[in-house]
Amino acid sequence: MRVSVVGARGYVGGELVRLVLGHPELELVQATSRSCAGRPLGAVHPNLHHHSGVRFTAPEQLEPADAVLAAVPAGELAGVHQRLTSAARVVVDLSPDSRDPRTAPEPGYTLGMPELNRAALSGATRISVPGCMATAAVLALRPLVSAGLVDGEALVDARTGSSGAGTAPTTATHHPERQNALRVYRAAGHRHADEIARICGVRTRMTVTAVPLVRGVQAVVHARPPRPVSRAEVWDAYRACYAEEPFIRLVARRAGPHRLPDPQFLTGSNFADLGFDVDEDGARIVSVAALDNLMKGAAGGAVQSLNAASGIAERAGLEFPGLHAG
Amino acid sequence: MRVSVVGARGYVGGELVRLVLGHPELELVQATSRSCAGRPLGAVHPNLHHHSGVRFTAPEQLEPADAVLAAVPAGELAGVHQRLTSAARVVVDLSPDSRDPRTAPEPGYTLGMPELNRAALSGATRISVPGCMATAAVLALRPLVSAGLVDGEALVDARTGSSGAGTAPTTATHHPERQNALRVYRAAGHRHADEIARICGVRTRMTVTAVPLVRGVQAVVHARPPRPVSRAEVWDAYRACYAEEPFIRLVARRAGPHRLPDPQFLTGSNFADLGFDVDEDGARIVSVAALDNLMKGAAGGAVQSLNAASGIAERAGLEFPGLHAG
Amino acid sequence: MRVSVVGARGYVGGELVRLVLGHPELELVQATSRSCAGRPLGAVHPNLHHHSGVRFTAPEQLEPADAVLAAVPAGELAGVHQRLTSAARVVVDLSPDSRDPRTAPEPGYTLGMPELNRAALSGATRISVPGCMATAAVLALRPLVSAGLVDGEALVDARTGSSGAGTAPTTATHHPERQNALRVYRAAGHRHADEIARICGVRTRMTVTAVPLVRGVQAVVHARPPRPVSRAEVWDAYRACYAEEPFIRLVARRAGPHRLPDPQFLTGSNFADLGFDVDEDGARIVSVAALDNLMKGAAGGAVQSLNAASGIAERAGLEFPGLHAG
Amino acid sequence: MRVSVVGARGYVGGELVRLVLGHPELELVQATSRSCAGRPLGAVHPNLHHHSGVRFTAPEQLEPADAVLAAVPAGELAGVHQRLTSAARVVVDLSPDSRDPRTAPEPGYTLGMPELNRAALSGATRISVPGCMATAAVLALRPLVSAGLVDGEALVDARTGSSGAGTAPTTATHHPERQNALRVYRAAGHRHADEIARICGVRTRMTVTAVPLVRGVQAVVHARPPRPVSRAEVWDAYRACYAEEPFIRLVARRAGPHRLPDPQFLTGSNFADLGFDVDEDGARIVSVAALDNLMKGAAGGAVQSLNAASGIAERAGLEFPGLHAG
């Protein structure tokens, strides 16, 4: 399958290029970037320095391919949509534009989250990958919602590394300001809360904190069940949703320092780790999801969705498991 | 006032020694440590290397002083209490033992939190400093409780740096395991929740996460008011509690990257920064407290309490404001 | 090819297991650990949690295999050597023991560094992988030595992350002591200097600094050429050594923030990046090597050597290129 | 003494304001900033939030004072020099402009380094503070040069945190690029080498690496003595220079993790720590200096120089010793 990456200069774009280049069933046609056209790939993404023959091409020179993976900035999808759909039969969009009915350039976008709608993805030609925080929160919430364990609304506490802010340097991401930050940059209200509510069918309140990491998102979801629950019931809810999922791991160890999902083990990986605990009185479930925001939360989710849509083995090209002491 | 520090080898003990040595009204008599007796101060606390004349003394050789600041490990207060009270008229204890009625060696300990009980502290000779997470959570919760803005229970989400775990190396604090950790090490239930409830008079649920910092605690408290509230009402509640406090700063900027309290600016400082936000519908208050766990959350709070108890200006010896780009 | 990993609990051992599990031509027989026998792999190495069927076995129960990859602590090879050679025809040792003629359990160990002795490795059954700092320094020095560009001795300034210290928690690796450390822990003299001199045939002086990273080694080698040199000459020396090497990348960009090799892009990867600069008067060459100490500097180098020894494609199982913003 | 800070928005400027506000003998007149005029101090420097009455003033509105501490960007001193000298009798400049005879706006600037020229500073009205890397390297080199222990040239290996790059966000200081960087950004040649040579009278070669810290500079100087030396001789050389210095600490412990100077203990402090080691054959001295680039390497050095020039106790306002586990 011949694939181009549009918006290949950003961190998500760089991951898309890395995944396509390492994928046994995909072949890279082009990596486009307005600002870097003509430059070698490794000048922007030093980890890909050895692909010395690959250079960025201008977005206007997009050539025909089987699929396009598009990582354009928010608000720019509409302007390039015609070009993408002309170039390729399958468009996988990673911008927020296609996720929201109000900004989607056409109505037919399918949610790119195989755990929720694998059947609908099969054969899909317009795929919209959800945001990294929404992905984490939805994965954590969904088993609880499905099992009827959320009474009223849920509280989503999201923590995020700096790479989610993109490549444009700002004071907020200037190293001396960001290195040791615990920045509650969205205490109340959040556009992602709407996205989560839309996907999960449960109202959420959300707080987001920037933490001293480059990669990684962790969603800690606090939910109040309609009646006291046991740990076993919650395990059952998780297993009912995810027992067969290729990229979901259930993590709730009884001992050791690494009992609940921690994004440190997921850098570069497409796994999402999920776990939980329950207050002694059974009146609160704390559900924890961890993932790599640029992988399972973006580029990895896109390739997994493309695999699912195209009849390719879902794990193909996404085997890197992450590191210990990474 | 002549002061000794008992348990001076730990991180809290080292901060106590630093504060006493730099305090205009206090004079260091002894710094005791069982394991380091005889060694120069700077061999253990390199920041104090220039105090070349100070050496650790054995705990058994505790000499008379006006006050003792005790940072002994949990469970060890009872065993040394007689020695402390024999050596000094005033004992300020930083262990968890004196905080809990079940483990306190005598009933007369006064809570060392001037913001809550300054009057009671005046002249006190037995002072118990609350834990760092409890301090942060109580400071964030109290204005809401006082103003009747907490309906039912509150949710305390605490984040902590590694120095709170003490000086004993373990796998959990081994650098390759801890450097990039977002470790939800207490998702549900927590002994600190009881301490907070006891002090604040409101039931709390608590989740604690270890974050990639050495110093710093941040408490994010989610509370549901009995009726929708405005930001102005919450401001009033905060000001009613803290307008005159020497070490409380109200931080809720409208713009810029640093809008809510962030412990990165408080390293080495005795300030606690407090701020908040309110959901658009007024149905949730998110109250945020940040402090240095070894300072306002331990050694600084102890010296502030000793100042308050002894008629010394409360700010004395605690003027360091923290750093920008620190 | 059926392979066991001995000493699988450590960071190097964990990487060996990860590489074998993901290798198209290798099959894992056993992962042994004295202290973790019986425990699931993921309890120790959370990144491998999904291999739920793999458990550590006791070293005494080592079964026959085609090859053993051994990551035992320094000084312990002699005690287990008989067991390893009985179990497998090929032994790849990663301890310092087999590198040093004084401690090697038998004389026939071949240096596991394909860049230097690929021919000798073909068919080898005893392979000794050099240390991570030696690997970096040797890769940086060797082109200069080969081209006659080192007059007298070279100065090796090595910088290392914390994972090189192993999994045993100590005060030196306790997070509050290590997180912000620039620790010149070996200013003068160093056992690695001998190893480098032995391999490169040039006397070296060495200084080692622990830096605030988990993974990564960077060797900055300062050499004085016998006569002033140009950049072009040094390029030629590098290309003469490494033009065809599958895991060496030459990195010396003219612009941008990432001009010389930086280990941040090599985490999890088997690449070693090499680059250099020359003082304006041509009188000093500064040669820089970066690599992942657990990969190219240990586990990756071992698998690459095993590939080379066994007629497997040298890149097999080692394709992960590292990350940008990782 | 009434003092204004010009260029108060930057990190050095913020430190100058902090030091003046906490200094027993200095009073802040104004803190100027072109871009932040009118804004409260705490909006830019959150650590100074409690000084709620202080606002930035426009540089054009500089009022008369006794002294001006100027932290203007490189190349801008000449344009404001007239304004500074009109406003105050004493000008302490922290820009590179006054250090270099080619760019100094007038010839009479005295080097602001009390360790080298305390006598000349007494009564000086034009003081030029050297750069942070030069300060560290000069402090490390000078005892060796004075004692005749440097044969030929010295090699200065400087490591620096991100705060030295200033407040302007760039790709090089963007958190995802900088957090895990070991960036040899100046391998060969460096303008600071000239400054060091000018001050020390010995030719130096220099390599500079950006390391994963916000604050801190460490200079590791490698020098070849004309004949083999013992550790005792080097100690004597150090003591001869620094025995009485209020802000120099000699650190060369025999055991423990913190044997040589490490900037982690100096954050916020005006101390410079110095130590060394000698190769076994006595043929190389490795001299190590550590300091806080914004303090002893800039703002602290400026205040120390102003103290020395004005007959104020040199330690005044500079007592903060740094932290352990900071």
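Order as written gives the chain letters A, B, C and D; numbering starts at 1 within each chain.
In this section, a residue touches a chain if its C-beta (ideal position, glycine included) is under 8 Å from a C-beta of that chain, and two chains touch if they have at least 3 such contacts.
Please read these numbers as outputs of a predicted model, since none were measured by experiment.
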Task = Name the chain whose C-alpha centroid is most distant from the C-alpha centroid of chain A.
result = D
Inquiry  = So using the touch definition from the top, which pair is joined by more C-beta contacts, C-D or B-C?
reply    = C-D
Query = Distance from the CA centroid of chain B to that of chain D, rounded to the nearest Å?
reply = 33
Key: Chain centre separation (chain C, chain D; CA means) in Å   = 38
Task = Can you check how far apart chain B and chain C are, centre to centre, with Cα atoms defining each centre and the answer in Å?
result = 44
Task = Mark out which residues of chain A touch at least two other chains, giving numbers and ranges.
result = 11, 163, 170-171, 176, 180, 212, 214, 256, 258, 262, 267, 325-326
Ask   = In their complex, what parts of chain C are in touch with chain B?
value = 11, 161-163, 165, 167, 169-171, 173-176, 178-180, 212, 214
Ask   = Can you name the residues of chain A that touch chain C in the complex?
value = 11, 14-15, 18, 22, 43, 45-50, 163, 214-215, 249, 251, 253, 256, 258, 262, 265-269, 271, 273, 294, 319-326
Key: Residues of chain D touching chain C in the complex   = 155, 157, 159, 170-172, 176-177, 180-185, 187-189, 205, 207, 209, 211-213, 216, 218, 220, 222, 256-264, 267, 276-280, 284, 286, 288, 290, 325-326
